[in-house]
Amino acid sequence: MIALLLRDLNLAVRAGGGFGLGLAFFLIVTVLVPFGVGPEGAILSTIAPGILWVGALLACLLSLDRIFALDFEDGSLDLLATAPIPLEGVVAMKAAAHWFTTGLPLTLAAPVLGLLLNLDGAGYGWLVASLALGTPALSMIGTFGAALTVGLKRGGLLLSLLVLPLYVPTLIFGAETVKRGADGMATGTALMMLGAITLAASALLPFAAAAAIRINLR
Amino acid sequence: MRYPMEMIVSDLACARGGVPVLEGVSFTLAAGQALLLRGPNGIGKTTLLRTLAGLQPALAGQVSVPPETMAYAAHADGLKATLTVTENLQFWARIFGQRGIDRALEDFNLTDLAGRAAQNLSAGQKRRLGLARLLVTGRPIWVLDEPTVSLDVASVALFGAAVRRHLDGGGAALIATHIDLGFPAGQLDVTPFRAQPRGLDHFDEAFA
Amino acid sequence: MSLWEYANPQKFMQTSSVLLPFVSVLTAVCLVVGLVWGFFLTPEAANFGSTVKIIYVHVPSAMMAINAWVMMLVTSLIWLIRRHHVSALAARAAAPIGLTMTVIALITGAIWGEPMWGTYWAWDPRLTSFLILFLFYLGYIALWEAIENPDAAADLTSVLCIVGSVFALLSRYAVNFWNQGLHQGATLSLDKEENISDVYWLPLVICIAGFVLLFVTLVLVRTRTEIRARRIKALVARERMG
């Protein structure tokens, strides 16, 4: 299974755009917001937690349809389904690869973008913590959505429609953590819920996603 | 091979897109044997092979085969364009828990191409790489769907030799093909197994 | 004689054709009695004015919006476990009805909210939850429409329905955490002695019964349509096979 993870990371590096695209998109969204709402620091620092989380979420969404689509087209998915490793493991590794190529870079880049949006000093730690805890859930939920739409010719838009409502709790707890952290309030509950969502999603969704892939392959 | 194996298919029925295409398919494939599936296009050979490989459920009947003994290869080779020949093979070897890809490279005359990225291979070379993948799975029963597409005469001979060596080693092969592969093999024409539409009386629960 | 016999499409078509006229008439009676009684024969509430009367549409439609999803969840599970086609088709039939109920609840809520709270929309937990439910219905219906193979579509939408239910519940909790709202508590509940005065209570219960019956009628009609559409598809496929 580690071989699969390494291959996917290798492919992402070689194809280019694997790491860069989501990150660039995150940057552009964050840079565009001040043009839309105006340059006042007070307003920006109020909306910074929300913008950063929504931006990270959209950047995650961007690369979801490629998780299984390429493997489906070139027949790898058929072969993986007949391989000795369980399809649930394949799904989990795919989600992990997606997180390494999008969630992790986003988490690391977020503080810089927080600076652009005038985020309160107390918020930076919570921003990184909440993204580090929350983005794995985004990858896992997105992988489930990608598994549902893998056989479809034009699955991209449908994928967004399916996945975005599922992202609501993660977004709420993530942005709330940063907001409360920046205001100097207690963040325990929100951060714990975020961790709970990530753990539960990684434990349960691989089974649902693998079931969806089996249905799509037949 | 390491364990005795035999594939017994009895009274198998399979469907494509919810419509039954073949029914009552029965045959036995023992170690050291090869069986060529024949039949016109669209009769359901691919559907049958996918059902046997476990990619889709059978409508009826049974496939009795020891677990994890089948290696499936279809029209798509499952190659990654940016990886080299060696990397592609090594990946599949590791997925199937095997090591050593040199024999596979030699058998399909790929040693000279080992460092080349798959996107720079010709269609026939890609096909050879896809077939070499079978050797690194270490599995005894090969289930192949049109393996010789885009292969030239020399490559077909290479493939034939590889299959014969596999059979001599106690393996087995089930191959859907239209051409003569140059080794002794049983033939199974699936045309007689074409599914007959059932009477309209049964036309309720399954809508078929 | 088992309950599952009714899951056979032929049996379902027979039974539902017998049931439909009765259910339809009962629906019409309940809705007419409940709505007329509610709109014209109840006094105006002291602090709400006549706007209170929208409750006779708002509350039942909101209840059915949630109940329709629960029904889809149950029928999806039945399909996944017992592979009865009627069950899957009933889930498919219920989705647009649930979506419509959600929209009705949102619109009547907005109309009621304007005079009461001075705004058509507020990001209140209940309102927000219904908006999220609306999105779930959209995704579910879109997935049904997108997949060609009917059995695969039934399987995948069932999986989505189960996973979606968990996330819908989670969203409800998350939204509560995010914002405590304006919306009053449940209008009817079993553990409280009295929620609204008796004058309004009886017509409201009749209206709710009417909406439940309306849902049943529409699901029956739509499931019959889905079964027929599915038959036609299967017949066309047979023709193509020759």
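Letters A, B and C name the chains as they come in the text, with residue numbers starting at 1 for each one.
As a convention for this text, a residue touches a chain if its C-beta (ideal position, glycine included) is under 8 Å from a C-beta of that chain, and two chains touch if they have at least 3 such contacts.
Only a predicted model underlies this, so the values are computations on that prediction, with no experimental measurement involved.
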Touch-based graph of the chains, sorted into line, ring, star, complete or other: complete
- prompt: With respect to inter-chain C-beta contacts, which pair, B-C or A-C, contains the greater number?
  reply: A-C
Field: Geometric centre distance via CA averages, subunit B-subunit A, whole Å
entry: 37
- request: Let me have the rounded angstrom distance from the C-alpha centre of subunit B over to the C-alpha centre of subunit C, please.
  value: 48
- request: Go ahead and note the Å separation of the Cα centroids belonging to subunit A and subunit C.
  value: 32
Statement: Shared-interface residues of subunit A (touching two or more other chains) are 218
- line: Residue numbers in subunit C touching two or more further chains are none
Statement: subunit C residues touching subunit B in their complex are 7-10, 84-85, 148-151, 230-231, 233-234, 237-238, 240-241
Field: Of subunit B, residues touching subunit C in the complex
entry: 17-19, 21, 195, 197, 203-208
Message: For the complex, give me every residue of subunit C touching subunit A.
response: 132, 135-136, 138-139, 142-143, 146-147, 152, 155-156, 159-160, 162-164, 167, 170-171, 173-175, 177-178
- prompt: Where on subunit A does subunit C make contact in their complex?
  reply: 144, 148-149, 151-152, 155, 158, 161-162, 164-166, 168-169, 172-173, 176, 189-190, 193, 197, 205, 208, 211-212, 215-216, 218
Task: Would you tell me which residues of subunit A are touching subunit B in their complex?
output: 3-4, 7, 10-11, 14-15, 71, 73-76, 78-85, 217-218
